[in-house]
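One chain, subunit A, appears in both complexes that follow, with subunit B as partner in the first and subunit C in the second.
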Partner chain A sequence: MNHRSSNETPAVGRLSVARVKARRFGQCALVATGAIALLGSCATNAPQDTWQPKGPNAKMIDDLQQPVFAVAGIIGIIVSVAVAYVIWRYKDRGQPIPEQTHGKPALEITLTVIPALILAVVGVFTFRVIFDLARTDDTQLVINVTGQQWWWEYDYPVQNEWGITQPIISSGQLVMPAGTKVLLRETSRDVIHSYWIPALNGKRDAVPGRIHTLRLEADEPGIYAGQCTEFCGLSHANMRMEAVALSKEDFARWIANQQAAYQAPAEGTLAKEGEAVFLNQCVRCHQVDGLKRPDGTLAIAAPDENVWSGAAPNLTKLMTRNTFAGAMFDLLRDACRDDVWKADSAEFGVKYLAGVDEACLNVNDLRAWLRNAPEVKPMYANPALLTETNGKYRGMPNLGLSESDIDKLVAYLLTLK
Partner chain B sequence: MFKVGSKLFLGLTGFAALTLVAYLIFVERLALGGVALSVVFAVLVGLSAVIIMINDGDSEVQPRDVSLVRASMWPLVTVVGFVLLILGLVVAQVYFIFGIVVVLAALTEWLVQAWSESASDDAAHNESARRRLLHPIEFPVIATLGLGVIIFAFSRIMLAISKSAGAVAFIVLSSLVLLVGAIVALRPALKSALVSGICVAGAVGIVVGGIAGQGAGLRTELAEAAAEGHFLHRECGEEKSKYFDKKAMKTISLRTNPVAIVELRGGVLSAIMTGFNEPQKIVSVPRGNPVTFIFRNFDDAERRMVASLGTAMAAGAETSTEKEGHSDSNETCTQLIPQGAEQALTVTYAKPSIAQEDPLTLTVPGVTGQAIEVVVP
Partner chain C sequence: MAIIERPAPGTTVPALTPAAPAITPSRTYGALRRPVATTGWKSWLFTVDHKKLGLMYGATALFFFIVGGLEAVLIRLQLAAPDGKVLNADLYNQMFTMHATTMVFLFVMPMAAGFANYFVPLQIGARDVAFPRINAFGFWCLLAGGIVVNLAWFLGGAADGGWFMYAPNSGPVFSPSKGVDFWTLGLQIAGIASLTGAINLIVTVLNMRAPGMTLMKMPVFTWMITVVQFLLLFAVPVITVALFLLTFQRSFGAQFFDVAAGADPLLWQHLFWIFGHPEVYILILPSFGIISEVLPVFSRKPLFGYPFVVFSGAAIGFVGWGVWAHHMFASGLGPVSVAVFSLATMAIAVPTGVKIINWTLTMWGGKLVFTTAMKFAIGLVVLFTIGGLSGVTHSVAPSDTQQTDTYYIVAHFHYVLFGGAIFGIFSGFYYWWPKMFGKMLNERLGSWNFWLMVIGMNMTFGPMHILGLQGQPRRMYVWTEARAGEGFFNLGFWNLIASIGSLILTVGIGLFLINVVVTARSKVRAPLDPWNARSLEWMTSNPPKEHNFDSIPHVHHLDEFFHRKYEEDPTTHSMREVASAEDVLAELERNADQHIHMPSPSYWPLVLACGMPFVALGVIYSIPVAIAGGLIMLYALYGWALEPSTAPESDFDAPSSNGHAVGASHG
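Our next item is the complex of A and B:
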């Protein structure tokens, strides 16, 4: 083999200015990406941080992943350092090619057995956690969760021990008692979605035609944010959810209020006019339990005829929740919302149960929604483009309401609590 | 520059271009067929270019004895294929696709034959070269087609004759096959003409039988079932009716993930649901979404489960404002199943419980005083 002597001009290995620049750029990009990743992990306001478990199920996962991450990290560092050392130590300086050997059984077996052992240990602990997280026999409260483009519906089956004597239905915010083993029974009305509240547990897919279960338990009262984690179409990124944990007493209050009968607005009020607009415009999709038509019959919504998934949020107790449209928008103004989110756990329940009143209503976002919903949340709601769905909407269409109708509707919606 | 090969390919390329244009104009714009034809066109352009570049495979062999070339049926078949293809453009897509298949197959055969005939001056060697190339393709394709025809013909026979005659025919025929097979195996000296004669006779018999079976039509029960539709007769009573399914499915995959398993045990009906430690009497199901129940019968009589669908009708049947026109048979049910068997029932409740005059229920005809209430929020 020929080796270059030092006075020869090397044909390769010399870099053009352009290549040096490109390399510098590459290095900068690498450093920048690393820095972003590193700094990102320092965020103080990170409600969906998986490394901050707030309940026993998430804690179980955390207790597993911390040591696994440590072991993997140490191995990763050892391997990278070794590779870097070898690259530096044996780089081509024109030295002769050393003698080539083939195979070192002792070394190879050792290097196979050690990782196998490490993986076996990790495997044993992982399986234990998987089976513990799949348990359903210690459930204390069952909540049905149904996903659809692009919001979550919650319904509470009759459970007399919790005072639930008639079905309760809600959306956007999952209200549950703290310190209680809650079991979600998930399904979907259209495509596959996935339910994930990082602080409380891992993810579980919601699949049409199937019932999947997910354990949730929050140690303390509070709001825990999450989002759909299975790509489900146009507004997947806007399909969020919040789990609201209340103390058991506050939860009982919430249950009682959810089951309270519908109160029609008083005659002659703006809200009463809003009820009439609602009956005309909204009831074909949205159910308000107990709402009656002028002729005294119950108004029964027909989302099955108008919405592709066959459902639209039940608005009976809209103003008891803090968010709307798949938890994408706040129903509370920023200040009021901060007041609830940042309340300490003793006060939190009372503040949450107060719901939304006129002073705190985030009237801008709600009006924008009523004025033209597809403009503020991407949805397939253009009447001209619904051939694929038999003329049914995916999402809420623009209803072309007048500003005065919107005034009336907002007044009416404020009574729904 | 342009020799035989390049002329053939250039011609084909031109033809592909014409077909593509004709397809786009007459059949459909932006359809799958257009894409396929464009691909054919592009491939032919490429092939033509290659042929021209390699100088038309300029053979070193000098003019050969013309008598080496055999008569070939492939030009004829290719033409038939093209006719089908063009017919298909006008008449129906099936002919078009069939035409493509025929043209491609015939062209392949033709090309290989033409190539093999000029491979050397030795006709026998040329023929064996052709076989080596084509038999691995021809044999499986012909065998598949032949077996397909026989299986299809056999299925026509089995659908036409009665169930018991079908069983007899199957036993006799399979024994015959076994017998003939055994004889052939034991007597290798048997004339091959005789063996293939028997096989051909058998195949022809089955095909003729199949044609006769197709002419005779389905046997009465099947014809009746096809015309009536088992599920048109929503007979959800206690008794077996004329239309009851004599071979009801008795077990279900556990992976069905039902919303509830409804068990009839000792005259008591209860719903078992994941998450609930006790058997339930009330089941909550989401509105407007198909949900699956599994019914398990532990009673010693044959039983079925009936789901009432309520007075507010199922999806799309009426608008929310008008509640007239309920049908009183607004229910659906499983088949009658014996002790120990299970069946699934998938139901969609479009309207909530508050819209119903009576509670929605799951019941078992013949078992009184037992019902599971279905609550739809």
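Our next item is the complex of A and C:
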């Protein structure tokens, strides 16, 4: 096709071609408008929506970014309209080849300076927010957060003003008081992970060998979803977390319960048999504070002998949490879960602190997990493939438990409240 | 072919010059006699011709484009529905790692290298690049590197650490398969292609321009390629060092990124992104160059603000070195670093915006012809603008901490790299195809190709903005309904739309491949100057003769070819044709140079490059194999060093009769 021949197209043919093209352009414009309208349609109540801040830190980010998005959108529309206009206005309708102009420096400089000025304004506000979000001098509560393939550990150091008189170690759900400036001190035991609760703040990487801080504050009691956002290997997709904000009174109750003494199951119950299975199988890696062996000595887990990264989730008060296995699975059945997640902020605390009972336990996922953990969550737990780690697991192995052992264990785990 | 004979004036030269009389070199160099084949597969294997190498780069890149594209389709099939079962976690992690690696290192970079190889010498009126054998060596390194990286698929699994390969996840404990070893060593080999290519093209552009072609009369494509080569020259050594550290850690027990031994894992991130961010401009600037050629041609106007476009390209090249940490806003650098890199990132938006404005104003007041090449170019302007603007939102660091590592980022860089780099490359295909193959790609198929790619691309990557802003992280082998939200337009809906879009995109790209086949089978030859083009590469036959130009043109204008065809009407200031392309060419032929001496083919670049995969495999499996590879390389280096770049006449038993003088000197 030689486009220079278009000069010789008869005038009539050219016009009709132009009309067809114009109609086609109109159709395209219609489709484009529809597409943009469609693109404006978003999910409602997406748990990790970055445009639904629920605390002052996320709000600060949101207030900064909304005008930037708006300006970017306007500029995008201006450029698109300009290009569309040029396409329509200057298409080849047989006009002569234009004068070979090489540009207009004054116009160029103007069009360079305008975006530079816009960005300078954005820069000033960005600067302020960066430094505000880095503050650590107004902290009211410190929680240590440690990432490990593929779960998060929360460690509450002693802080008497909050009633924390002995360290509390938990996992899966970060429990914190609402309306309080919480400072997370993040690190990792193996690879880099990233802690992200979009409703409360942006993300911060948890890097082994370093401690990074992240401010979190929730306006209202409630449950806020998050996800590890630095690629951390095989089960990165399954490394979730939830931040649970409680009123200060409820938080005090939670603290008190976490520090309460261990209640051994009554003799002769299925749960008591489960405790024996736990002592036999699980305690190698999983700590339950206060659990004693039959000879009366405290059972101390030694995960570092079995797990490459050196730890396994502490299961003390497991049933006060709503999730297990790195928040991949719910401990609550769907209906019970919805009851907690959708509770309004006044009722939320009571429902959350009720924990998990037998009626609400998501027994299917829990049993599947106990039956063969690496089957439901990809992990490097195959002993045949562990030469690089000297035989140590990364994640929970298949323990080969019998169904009756699983019955007993489930009964026992239900007592950990 | 060692020596090019000038065609007799007035005769039209067929596309492929007939084989020269059979002559054999009388001397061996190193251990081998020089190759002499001028046709057949040997002429490709041992060629040092920049055009043949350009095509080989292009064909290799296109192959890897298909591979990387199929990987992308598998990714999208896996994510079309919650809890996907198409791939398991391990395979998915390999897939996204290799998709990015393939597209960045084995498609966009070599494709740009292919265009640069083919067209930079033609655009500056040269007969070849400065170092033709090094050019050949570069291509074979790229091919060897690509093969090594992908070999891992068949030897226990490909790399699975993401293309950014963050430490310590890339260490032997956390990535126990050999995939990462193949990845580091393969990229190391492919990196040699980039480094040697960069030096070669810089020397070529600085030293071998036609008389009269000052730097500010150079076509913008050549300008952008030059900027890219400087970026490569300084960026590739950084990744080379990083890859060596990783290889030593994985294969020889070094502890550069071992936290237990006191290492800081952020060292890798800094090294990777000091390379990685200039790399982004390495990927995009060639396409900026291509459309800066295409838009003026089909607007029948010179590029608006040529010096602004050139200097903004150079400015991007400079500022591009000061923004790497914007990939690390969530890494914990501290507020001062974050603030500085945030502002630098905003600054780089300015020269990029300048380019968008100039392209739009180039079309303003023009006489626009909507060929497929032009459509892709306009597509780039619009789609890149969207990607650029979402990029500006990332420069606001606090905002970026919400967006980074979500699908919003995936959307952003696909608008920039697919809507930008790949649309530019496709524009280049349609624009330069007649130049490279003497046949026009079918414009009707081209139009379908374009529209399906536009629709597919927007359907695939548009929804990812929503997915990311509503909280879907990237690099997850499954997504769960529990985090997908409610309503008809929940994240599941948008994931499905994106997956359907990827299939449309596949069909669009499939049409291009069909177009290539249809065109290859067509008997219709392209006209000499099908687009009414403006720059020197069109001032020769389609495809060009081996020596490119019968006589080296003297350059007086930017857009020299156009100004030989048109003159300004002093009253109306519109342009009128004073000479056809054929006239211009005939004029060049009349003044043809008498003695054209071209660089001669050589075995050594291929032999040298062949040693490298053995070294790589040896490092992974067994050191003696590496030593054998090293010996092959040593042997090739000797052969290469002893062999003159241009075969002297005395080297041949039967020099042709008309007597040749050594012309242009080639290294």
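The working rule: the second predicted complex is superposed on the first by the 367 of 417 C-alpha atoms of A that agree within 3 Å, B and C clash if a C-alpha of one lies under 4 Å from a C-alpha of the other, contacts with A are read in each partner's own complex, and residues count from 1 in each chain.
Here is the rule we use: a contact is a pair of C-beta atoms (placed from the backbone, for glycine too) under 8 Å apart; a residue touches a chain by one contact, two chains touch by 3 or more.
Small disclaimer: the values here were computed from a predicted structure and weren't measured.
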Open item on the list: Quick check on the subunit A-based superposition: subunit B and subunit C, clash or fit?
Closed with: clash
Open item on the list: One more residue to check, A:Val86. First (subunit B), second (subunit C), both or neither?
Closed with: second
Open item on the list: For the overlaid complexes, name the partner, subunit B or subunit C, with more touching residues on subunit A.
Closed with: C
- [ ] Please indicate which partner A:Leu298 is in contact with in the superposed arrangement: first for subunit B, second for subunit C, both, or neither.
- [x] first
Task: Touching partner for A:Ala46 - first (subunit B), second (subunit C), both, neither - done: second
- [ ] Kindly classify A:Leu353 by the partners it touches after superposition: subunit B alone (first), subunit C alone (second), both, or neither?
- [x] neither
Open item on the list: Quick check for you: in the superposed arrangement, does A:Leu279 touch first (subunit B), second (subunit C), both or neither?
Closed with: neither
Open item on the list: Applying the document's definition of touch, where does A:Gly209 land relative to subunit B and subunit C: first, second, both, or neither?
Closed with: both
- [ ] Would you sort A:Glu230 into first (subunit B), second (subunit C), both or neither based on which partner it touches?
- [x] second
Task: Partner chain in contact with A:Thr139 - subunit B first, subunit C second, else both or neither - done: first
Open item on the list: After the superposition on A, what does A:Val376 contact: first (subunit B), second (subunit C), both or neither?
Closed with: neither
Open item on the list: Just to be sure I follow: which residues of subunit A are touched by subunit B in one complex and then by subunit C in the other one?
Closed with: 208-210, 212
- [ ] Flag every residue of subunit A that touches subunit C in the complex, lowest number first.
- [x] 1-4, 6, 35, 39, 41-51, 58, 60-61, 64-65, 68-69, 72-73, 75-76, 79-80, 82-83, 86-87, 90-92, 95-105, 107-108, 111-112, 115-116, 119, 122-123, 126-127, 129-131, 133-134, 149, 190-192, 194, 196, 198, 201-205, 207-210, 212, 225, 227-238, 240, 308, 330, 378, 380, 385, 387-389, 394
Task: Touch list for subunit C against partner subunit A, complex - done: 88-90, 93, 161-162, 166, 168-169, 172-176, 259, 262-266, 298-308, 330-332, 334-335, 338-339, 342-343, 346-347, 349-350, 353-354, 356-358, 360-361, 363-371, 378, 381-382, 385-386, 389-390, 392-393, 395-406, 440, 443, 458, 462-463, 465-466, 468-473, 475-479, 482-491, 493-494, 527, 530-532, 559, 562, 566, 568, 572-576
Open item on the list: Show me the residue ranges of subunit A that touch subunit B in the complex, using the header's touch definition.
Closed with: 136-137, 139, 142, 144, 146, 153, 155-158, 166-169, 183, 185, 187, 189, 208-213, 283-284, 287, 289-290, 293, 297-305, 309-311, 314
Open item on the list: For the complex, give me every residue of subunit B touching subunit A.
Closed with: 257-259, 273-277, 282-292, 312, 315-316, 319-321, 323, 350-355, 375-377
